[in-house]
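The structure appears right after this line, and notes come after that.
Chain IDs A, B, C and D follow the sequence of writing; residue 1 opens each chain.
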């Protein structure tokens, strides 16, 4: 299969998952006496979780393109590992809704936060695993040979990206707010101009 | 990344958001004694909001294509600003449902209307910001150099497009109907034959 | 804009609308004493409506491709008429759910059926209108000139396709079952091997 | 129509169906006294059904690409049979939710399981039927002529793939767990490295 088809299908899943996130933001029932401003304000965790997950999926999509662009063909293993990655992307609308629903609750908030950052962690591990297989075990599939140092650097950046999510998952025992803050900071870090770290272009890819 | 991939992903988000709008139109529960005609008639705000949001997203999609077509490559900043634009597009099924649910209510209608046109305003600002960065700060990414006057004209049209949404958001304090009417008029204006203003072709682009 | 982009975006909306249809098929609540077979059997209108709408959208998608394939470029009017067509396609998950919910009801069934076939009628009118504009008023956009007789034949077939839906909508006053049966027969007619009428290939297109 | 467009539309339906699966995983209501861990744990059938269906759709997508790749053009029959295949793919979010909801129930579990594997069986039959028509009755549409033995081998593999689903559907009378286990084993078998059976590449395709 050509990388183009893999990319088109994956782009579809990314685009749908990112757009389904909005289904977690609920319209308050318009019953008499509703204080709409109050109700909308009270569900601020939904807006924050929406924004963080939207940016995170968007950044994974950008990085996914950079990863697949290095291939000139894909084999069965790449297809299956990519499917595993998409499986974790597909689960994000659920974990995002879970995070939003429990952030302010007195019970379940730590668990919901751990599952939220845990789903980002699982997605990042699947991404790094796929990248590792491509970079170090599929030279015949790659569009052009990369020097060893370059391949190590790419993988190291990916693995470094796991650490904040691991931290966020562990710190869920302290506070769900800390977990959400870390996940949001990661998204902002990669989105900010100077921080296009995971696919910077100074060295040729 | 090539503009084609950016466009394909964005098209996916536009297509999904535009199609998810229908989930806000509800089938009345078929309980004995239901007056279906009455129930369906009573939810006319849902149909109007559906049509207005559908047309608006469709027009933004057309303009988005014209904007991206000017590029021969995209960089990290374009990707992230585009993601921000999509984030506001993705939120429209929620703000449309909110508008439809509260238009006829005695309370919350002004706020819902302000949020509705506010989401169009935010989307348009993100669009104009991306266009501004492309036209005035990314000459190296553009497919062909545009004369300064031409670039100013394109941006001016985009900024002019913000004004009705700003007005609609302010006038939500007067009446939610006024807000909806302005948003609908904007959609019709751009859809009508003579009014293909934002991307007319007399002058070469 | 190139026809390819128009087609890709339209394909997205067709694919999403066709796949959203399944959200109208509900899983019966697993409460003690549930007779699952009976509950699933009782919602057979949902399965029939799903199949009829799925096939109908699929056939419109096939015909849409044939229509757009004749173009080498698209203008603002084509874009907007196409958007109108998609607006009616996007509404089908709602009208399908409405039909399924009221088919067996003693009240509202006639109206629901009229709306169901009416939505197919509206979609077909939008389709025929777009085809008419392309065939008779956009010679400069067409990939190759078609003889007048050929153009008339294409349009005549499209207009002929409206008649069953018009009939089905009128006959909704008699029985919702008649309406559903006509819509189903139309879908089967176009799906059956010999009946690829709307885009047969004997004469060159 | 070119195979590319057929594939793009089909990819859209596959991608949407696979991503809609997540809507079946529910966020437990955060009411006081909720034991979130317990509630999330209790809905493990949803996670298993999500993973099994996700992998199964993913593998069908891979095989679909291999099937369509053999064509250089498609005709009306291929389009309609492909639509039938997509109709069964589109139904999977429903049958998956049904399986998840009834797996642990004392009543309805056998039926739900039979419908679950039955929907995979129907999808596989539609797939084999399409492949059979292409391989044995559409030589003029194929990109290159395949030797008879090769065509028989491809079809035999597809038909062999039906047997486990047939077995799983029959064994639903014994236990819903057996059915789910077989469906999961099939997905894993095709996903595992050595088992890329349905489209192995040793002999040229």
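The rule is short, and it goes like this: contacts are C-beta pairs under 8 Å (C-beta built on N, C-alpha and C of every residue); 3 or more make two chains touch, one makes a residue touch a chain.
As the structure is a prediction and not an experimental result, all values here were calculated from the model.
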Touching both subunit B and subunit C (chains): none
Residue-number overlap at the subunit A/subunit D interface, same or different (half cut): different
Per Cα centroids, the chain farthest from subunit A: C
For subunit B paired with subunit D, centre-to-centre distance based on mean C-alpha positions, whole Å: 37
Mean-CA-position distance for subunit B and subunit A (Å): 26
Multi-partner residues of subunit C (at least 2 other chains): 8, 12, 16, 20, 23
Interchain pairs in contact, sorted by label: A-B, A-D, B-C, C-D
Contacting residues of subunit B [partner subunit A, same complex]: 1, 5, 8-9, 12-13, 16-17, 20, 23, 76-77, 79-80, 83, 86-87, 90-91, 93-94, 97-98, 101-102, 105, 107-108, 111-112, 115
Parts of subunit D lying in touch with subunit A, wherever the complex brings them together: 7-8, 11-12, 14-16, 18-23, 25, 27-28, 30, 32-37, 40, 50-51, 54-55, 58-59, 61-62, 65-66, 69, 191, 193, 196, 199
